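Starting off with a structure, shown below.
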Amino acid sequence: MSHAPSTPVPYTYTRRIQWGDADPALMAYTARFLDFAMDAVDSWFRDVVGVDWYRLNTEHGFGSPAVHVDMDFSTPLRPGDTLQLSLYVERVGNASLSLRFEGRLDSGEPVYAGNLVHVFVDRKSLRSVPMPALVREPIERYARACRTEGS
Amino acid sequence: MSHAPSTPVPYTYTRRIQWGDADPALMAYTARFLDFAMDAVDSWFRDVVGVDWYRLNTEHGFGSPAVHVDMDFSTPLRPGDTLQLSLYVERVGNASLSLRFEGRLDSGEPVYAGNLVHVFVDRKSLRSVPMPALVREPIERYARACRTEGS
Amino acid sequence: MSHAPSTPVPYTYTRRIQWGDADPALMAYTARFLDFAMDAVDSWFRDVVGVDWYRLNTEHGFGSPAVHVDMDFSTPLRPGDTLQLSLYVERVGNASLSLRFEGRLDSGEPVYAGNLVHVFVDRKSLRSVPMPALVREPIERYARACRTEGS
Amino acid sequence: MSHAPSTPVPYTYTRRIQWGDADPALMAYTARFLDFAMDAVDSWFRDVVGVDWYRLNTEHGFGSPAVHVDMDFSTPLRPGDTLQLSLYVERVGNASLSLRFEGRLDSGEPVYAGNLVHVFVDRKSLRSVPMPALVREPIERYARACRTEGS
């Protein structure tokens, strides 16, 4: 008696590239791509998991610092381009969460892709804690929806 | 025998505030508000004037550096808030353009407001030039539409 | 029997302009100039006032949100340039502090100048409070040193 | 009949963490760590290689977009901390350059470490080109100095 997931998968964050994102090589600055990925993940927490990083920290007392990030770049972005960043759950650990992001142009051309690994911590002590229940359930549901979609 | 302006006025740029926009005071960082205003103006150039700063520079050979900015702040922004930034043409000079921006929450509550003054320059020499025809006409049309709306 | 102020006046914050500060016009991006000014003021709080914004917030429970900023630009900055930002106290109010900043190249050529007005607030309630004693005394001492230097 | 390298190795870029670098978790924001690494590499190009990214692009007609980045985080940074970022050449390819960066606190405690891989391209066509001679020689000299130091 299960029902279909209510969230379309993959979650895709959209962002138009602006003048201020670009550098003297006339394309988006390398470091901005991590801002884009972080904004995508924060939006996914808000829209899919149900609690964004801000409320997770300030209302629930948990932090989720990154312990690893990697990115591989295929194609430059220019102001006026629209970036579509899709998010996938790679692994749900006891205290950690591994996410994969894949960025494309509207045309579907790959721009960049990478991974972000976060751990959950107590906001005060910064000690790692098991993934809080309020995020674990929706994260696992989203991971299942992605697997179903991909199968 | 005039016709109604095709652009809704005022042009309003929308942006959701993210975790990465905020500082340890748990609200959006002061310097980010200028990024928001610049992104709004760049989007207005793209959507209303018909050419964004990037194409104005790289295809048409004109720059538009800021010579003045001021901002007054009323209410803090927090991650999860949506900022609505409306743009108004204050003055169309020979070589300069004065824009006013007013930022509000979805509720209508004022967040901040200010002014940006840009001059148009030759991209190579950086000498000021009369406002290029390709932007002057749509800018004046938008200014008229704002006056009509406000009257 | 007064003694010379221990702080050289004006306090000057130095910053080398980097690739990532610049935009496709091949010069530092407008919005970055507010980051530079904010970093200069934060450094002045740390080095001259004796407590930076972080400790003022997290240890002492006070915030100091900006209520006003203005900037006028004279000359573009390019990567490799060194910006010298000097700070002056314009006015010490009951709950507010008005600072003026003047940015120059190493050559002395003016780059930009402007003003930042902050109010002091209780970090929790965000209600304005009289300027905390721990910052008022060193700020007033610095203001006197600037006046003496300038006379 | 070789002589000692004139550059101390490893090159270390120093940066004080500011209020504006930090987020509501009261520590430096994840995405800023890539800005720090990029600024360190740009400074290394200027100070050690002899030409920064800006001049490489605008005077010599070469770009060096990143094709890969990874970072692993050990310890949070807070405003007031000083980050020491040391740079190492991992591999000098025909058209690519692999750099490793290691960030530490003044105390020596590791903060984060990672890798940046850049390729050299013709600025106009964006096609990859052999590493330009003007940078290859000083980069190889620095790589040798690092190996000598490490042996």
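Every chain is named by a letter (A, B, C and D) in the order it is written, and numbering of its residues begins at 1.
Convention: a residue touches a chain if its C-beta (ideal position, glycine included) is under 8 Å from a C-beta of that chain, and two chains touch if they have at least 3 such contacts.
Because the structure is a prediction, the values reported are computed rather than measured.
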Chain located farthest away, centre of subunit A as origin (C-alpha): C
Subunit D against subunit A, contact positions shared by both copies (same if over half, else different): same
Between subunit B and subunit D, centroid-to-centroid distance (C-alpha), Å: 35
Distance from subunit D to subunit C - Cα centre to Cα centre, in angstrom: 29
Sites on subunit A at which at least two other chains make contact: 19-20, 22, 24, 26, 29, 31, 35, 38, 53-54, 58, 79
Subunit D residues within the subunit C interface of the complex: 16, 18-20, 22, 26, 35, 38-39, 42-43, 46, 52-55, 58, 78-80
Touch list for subunit C against partner subunit A, complex: 19-20, 22-24, 26, 29, 31, 79
Subunit A residues within the subunit D interface of the complex: 24-25, 27, 29-31, 34-35, 38, 53-54, 57-58, 63, 65-73, 76, 123, 126
